[in-house]
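What follows are several structures.
Note that chain A is present in both complexes that follow, paired respectively with chain B and with chain C.
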Partner chain A sequence: MAKKAKNPQDTLDTSSSYLLRKNAGASDWIFSITIWVLLFAVVAVVAYPLYFVVIASFSDPVDVGMGRTLLAPVGIYLEGYEEIFRYDRLWNAYGNTIFYTVAGTILHLLLTIPIAYTISRKNLMLNGFLATFLIITMFFNGGTIPLYMMLRAYGLLNTRWVLIVSGCVSVYNIIIARTFFANSIPAELMEAAEIDGATAMQTFVKIVLPISMTIIAVIGLYAAVGYWNAYKPGLMYIRNDELFPLQVILRELLLVNMNDMMVVGNGEVEQMRKAEQIKYGIIVVSTLPIMCLYPMLQRFFAKGVMIGAVKG
Partner chain B sequence: MKKILSLVLALMLVLSCFGSFALADDVPTLKVLVRHDPRSPKIGELDNYKRAEEAAGVKIEWEYVTSDAWKEQKSLVLASGDLPDIFFGTQTIHPSDILSNIEYFIPLDDLVAEYGDQIQEMWEVYPSSKIANTMPDGKVYGIGRYMPNRPATLIGSYINQKWLDNLGLETPTTLEELEQVLIAFRDLDADGDGDTTDEVPILALSPSDGKRGIQAFRGYFQAENCVENEFGVIDGKVTFMPATEEYRQWIEWCHWLLEEGLINADCVTLDRATWTAMLGDANGSAGGLITTWTNDEAGANMDDFTILDIQEGPNGKAYMAGNKANLACGVSQWCAASITVNCKDPEAAMRWINYFYDDANGAEAANGPVGLVYEIDENGVYRFMEDQYETTGYHIYDNWYYSLGDQNIGWVSPEFEKNYFPPTPIEERKYVVDQAYQDNLRDEDFIVPPMVFDRDSNDRAVEIKTDIDKLLKETVADWFVNGITDEQWNDYLKQLDKMGLQEYIEIYQNRLDEIRGN
Partner chain C sequence: MAKKAALSHEAPYGKRLLRDIRKNYPLYLLALPAVIVIILLNYMPMYGIVMAFQDFRPVRGFFGSRWVGFANFERFFNSYQFVDLLKNTLTLSLMNLLFTFPVPIFLAIMINQVYKPRLKKTIQTVVYLPHFIATVVLVSMLHVLFNTRTGLYGVIAGMFGVTNPTNLFALKSSFRPMFIGASIWQNAGWDSIIYIAALTSIDPSLYEAATVDGATKAQRVWHIDVPSILPTMVTLLIMRCGSIMNLNFDRTYLLQNDLNIGISEIISTYEYKIGLAQGQFSYSAAIGLFNNIVNLVLLLIVNKISKEASGTGLW
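Here is the complex of A and B:
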């Protein structure tokens, strides 16, 4: 490491080894320590609430209420999780959400990527018009009630379709993808393909798609997170128990347990306590799978978001 | 021969098909939208609801909306006009929903007169159940309900008997005695742990959390409201309680509590979760006086708390907020059932609704069917089958598991309720508190019942109320912490007037005169 440090280029790249450098000066040390302290503070601020949720979900709600759970769970209490897992509607809903997320994400990609590619091509007639048209929909829409009436007219209410179709196109994602196609794919590549006799479809499928995996991963992740977290469509368009997505059931589990006793009547206080813990348990149960997805897509994610931001 | 036989058979089959079709057509089908608790079984599958279909000769197509999604679904349904035949269940449609969508609902007076004999009986015994749903045009668009065994008071005060015993004190019955007890709690070692400073004489919740906080003490000064609104009727005049001298006394007393350290200093911000946690703390020391629905909320320390019944305050008799006519919980302004213009057979719908309004059916609708939840003993008394009753583990109100709970429909007569329909074990605990406070309730005349105004008055009243509520909230918190001066009080009264208090009172007064005059 020390040998390599002779090359100034390497010193810049191996920033994480600052503290290990043998010939580091005092100012280097102060600099490094400051950075480490600051970074640690930032991580603590971001990570502690998450950590707190996890320990609170295992602790006795009385102790949580009294503020005794700061660093480790106090008085292990699992009734909240028992309650969550006993709620049989939950598992059905979990399955539903996985289905909606997978099917929805595929549909989202099938629509978003071709649209973005199409409007990114400068030789497309009316491509400027199409892009403007799409952008207008970002600012103006019909509103909730007309949308509801339209979905009803199509016969989509109370079907699985409504949860997949709603949110299957996002103009925001299209713009990100368009920027990628316009800036990161050299026009020469497509010209070469054309000269070699590739049709427009062949160019897209065989040339463009294979080198666009980054943007596909990013849009896919955006879509998947969106579908996973969506509860509004389920709340508004679905009445059939069997079709509810996870988030609607979790919301329900939370709200029905929090009913104000004064309004509804005689209550068991144990339930109130449980409700407090259920709150934390629900966060863990519902975010765990999607959090596991993040590290795997992390390397695409950071890169892809940058691509969308750079203007050509 | 075989051919002929098979032909005859085939013909018979076809004919029988037609026959059954024709039969099905005779039974009117009603689309019923109901708000239901997802933890309970669907009510359409319960015996008593199946019997109702048979008795009324209708076929019900149930549509369930979970209670947490109701608000969103209701606004979509009303805005898009995608109506069911019947909206079913209390806390489903409010008279104000009907007021702003009156073209969707049909007036029910004639139907009730013809097919709703049992509903009429309820209206006669509990007139408020009709008044609450009478529109300014004099017609009723929604049927109310009367729910048996519900309390007349909302919040009870409980005092820590263990602490009283430790200090050898009597349970106080006047406000003065209470003050002495609170001071003793503060200064002495009430919980017996050797520390004289760790006692909280009153452990209260933030005033914004319903009536569990200092609001519960208003009755001691005769400044309590009549539950439904901030009004009370004094000498025939609608009075806005927060503009009275008594109200000021109450807030000054609360400020005194805070200054003297007789109430937890964080009671303005204390949230419910922390509060119940402190009350149920295994180490005791939960607080000396609490105001709550029942002492269940004290969890592990529940048995330490006994009912506190203050009889006398500085202005004479001390009251509790509540309502003898059982408006507080039994009768609700929400409609238990309303029929829409979509309904092709309103007569059948009314026959079906009317089914729930008699003693036996009302009782089953309230807590669940006989055979599953109740057994009837040789004297005709309903016994709650606790041992056979299957609890689910995640339902709060076990006696409401096989019913719509507080979203219920139906009624039972006072005679039946008293003699044949005792409170369930869970209801019993609230019942005891409620009985203790029967003498502390104002006369029925004091109550301004829930009423429906004409559309303009309603809009205006809502507008004024919004402003006033905001002012009340701000001033209570401010004065509670900082105290109140004459100047502030006068400013406050002036500000109320500027917000339209007189107009607000007038709207209520006029409507009340109209109703009481009738």
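Here is the complex of A and C:
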């Protein structure tokens, strides 16, 4: 554009490029429309099933079955929820999962953040060894049964501990935290602290940790979501009904059978009506904590991937 | 000073290491808890693989059990399930890779075309969300939504006059599409983050120059966006190829039923069933080790090929 004024020869070009540009305008227009349509479709495909589950959980199951609840709840019916709130086994598991999530996340942070800080320091001779030690576990593991047998040998099977310990370190998270420490904390800051006579421990606790809250939040959130959603450890290591986490009970209620819940109602129709709503309701109740926290914390969730993507 | 530094350089490795540890022991102490836990939870089970070569009895332990050499492996290779399991695992995994890998790339390029920051943020918030839904809940949602009477599927079929649509869960052939569909729905958005990050770091002057030269939007995407996310694509592809044998256990196991078990049984679910449900510990450990080794070999091959071909590798 700026060239045009300077060089008269470009005037000729401009006329032809004007034609090009006009074509470009049309193709840009088609391109943009296509993208908008596709993006709208993507958002609808992702969001609508979730929305449908929520409205179906509040609606009269008869209306749901007739297709009257495609856009908004119809014939508000909450007896299914009453049944859910009365069902102790679900709430016991809910409490268990809250406990596993809180305890597990704390342990996860206590283990992950310090080692990540150590391997982020550049002048340590053992760091090459530590990095290899960690990375091997990403590409090779003992397998299901050897791990099971080790947990059994440690006496952890069928205890609360096993669900806290499963997932208490993640090499992937260590690498994310290490990258953060290596790239976001100025080395001068740590050197200055050490020149001022701070021990390595004091530097870590008083200087580094306070300015690393972002990474602590990111790793903590990943760990918490992991614990909340974990299914396999509960399936494999727990036999005692009292200790089951939420996901194992959910699977029993939603996918295996619901007879256990002793749905009471006047006659078979009423029972089925409730049973239908209970399925939708349980999905809502069990996913609620994550769905409530998610929009507020979304920026932290995505941040972890960004930090991890930077090669350190 | 200079002399001392030179001296410390010449000092034997062991001596320097000792000095390093004495000087930095607080930092090493910080790493110690995680190291111990990783030894207990990752390395001890690797040692536990010896049971794959034993007739392992829990009462006798890893030391007292009888050694049987490769008998467990021979049994697995000769069993009638072996070919089926390998075929099921590889088919599901390769199909899953083929269909799930490109989706985040398209999604990222599309999201990158949205110039209004608030709208972009909203779209991102929505598409990332399914990543945080538990697999149990996801599979349950599939069951309620695809219920032939009361689910969205049944309702919509009813609108088109189909009163008794096929129950997709009773159909063997619907297992793979359902697995892959669920996998795309759950992870495509989340997996697009890394591409979006790569796209936002592109120098805007490249687009300006291209626009001045008369490039259309589509041309700008093809000639600027695609080449700049190519290295990310290659790295992620290698990593995905390196976990070909590690399909999502939860999703597979939870989508299995008696009717689709012929194609839905994969090595990891079989390993679990043989080991924990049937108590054939050594046999199961052998199956797990086989799976692991195949995986590792694939990773090494793919990494090597990629390094030769494009210069990009994991290490």
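We take it that the second predicted complex is superposed on the first by the 212 of 312 C-alpha atoms of A that agree within 3 Å, B and C clash if a C-alpha of one lies under 4 Å from a C-alpha of the other, contacts with A are read in each partner's own complex, and residues count from 1 in each chain.
Just so we're on the same page, a residue touches a chain if its C-beta (ideal position, glycine included) is under 8 Å from a C-beta of that chain, and two chains touch if they have at least 3 such contacts.
Here the structure is a predicted model, which is why all the values come from computation and not from measurement.
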Which superposed partner A:239 touches (first chain B, second chain C, both, neither): first
Partner chain in contact with A:35 - chain B first, chain C second, else both or neither: second
Contacts of A:187 with chain B and chain C, given as first, second, both or neither: neither
Partner chain in contact with A:64 - chain B first, chain C second, else both or neither: both
Chain B versus chain C as contact partner of A:247, first or second or both or neither: second
First (chain B), second (chain C), both or neither touched by A:86: first
Touched partner set for A:118, first chain B, second chain C, both or neither: second
Partner chain in contact with A:152 - chain B first, chain C second, else both or neither: both
First (chain B), second (chain C), both or neither touched by A:296: neither
Residue contacts on chain A - larger count, chain B or chain C: C
Chain A residues contacted in one complex by chain B, in the other by chain C: 61, 64-67, 144-145, 148-149, 152, 236, 251, 255, 276
Interface residues, chain B side, partner chain A - complex: 37-39, 63-69, 72-73, 76, 79-80, 82, 150, 154-155, 210-212, 272-274, 276-278, 280-282, 293-294, 296-299, 302, 329, 393-394, 396-397, 399-400, 405-406, 426-427, 429-430
Residue numbers on chain C that touch chain A, as the complex places them: 16-17, 20-21, 24, 26-28, 30-31, 33-35, 37-38, 40-49, 51-52, 56, 58, 61-62, 107, 110-111, 113-114, 123-130, 132-137, 139-141, 143-145, 149-150, 152, 154-156, 158-159, 185, 189-190, 193-194, 197-198, 212, 214-218, 232, 242, 249-250, 254, 268, 271-272, 275-276, 281, 284-285, 288-289, 291-292, 295-296, 299
Contacting residues of chain A [partner chain B, same complex]: 61-67, 83, 86-87, 89, 144-145, 148-149, 152, 235-236, 239, 241, 248, 251-252, 255-257, 259-273, 276
In the complex, chain A residues that touch chain C: 1, 17, 20-21, 24, 27-28, 31-32, 35, 38-39, 42-43, 45-47, 49-50, 52-53, 56, 61, 64-67, 70, 110-112, 114-115, 117-119, 121, 123-126, 130, 133-134, 137, 139-150, 152-154, 165, 168-169, 171, 174, 199-201, 204, 225, 228-229, 231-232, 236, 247, 250-251, 254-255, 276, 279-280, 282-283, 286-287, 290-291, 294-295, 298, 301-302, 305-306, 309
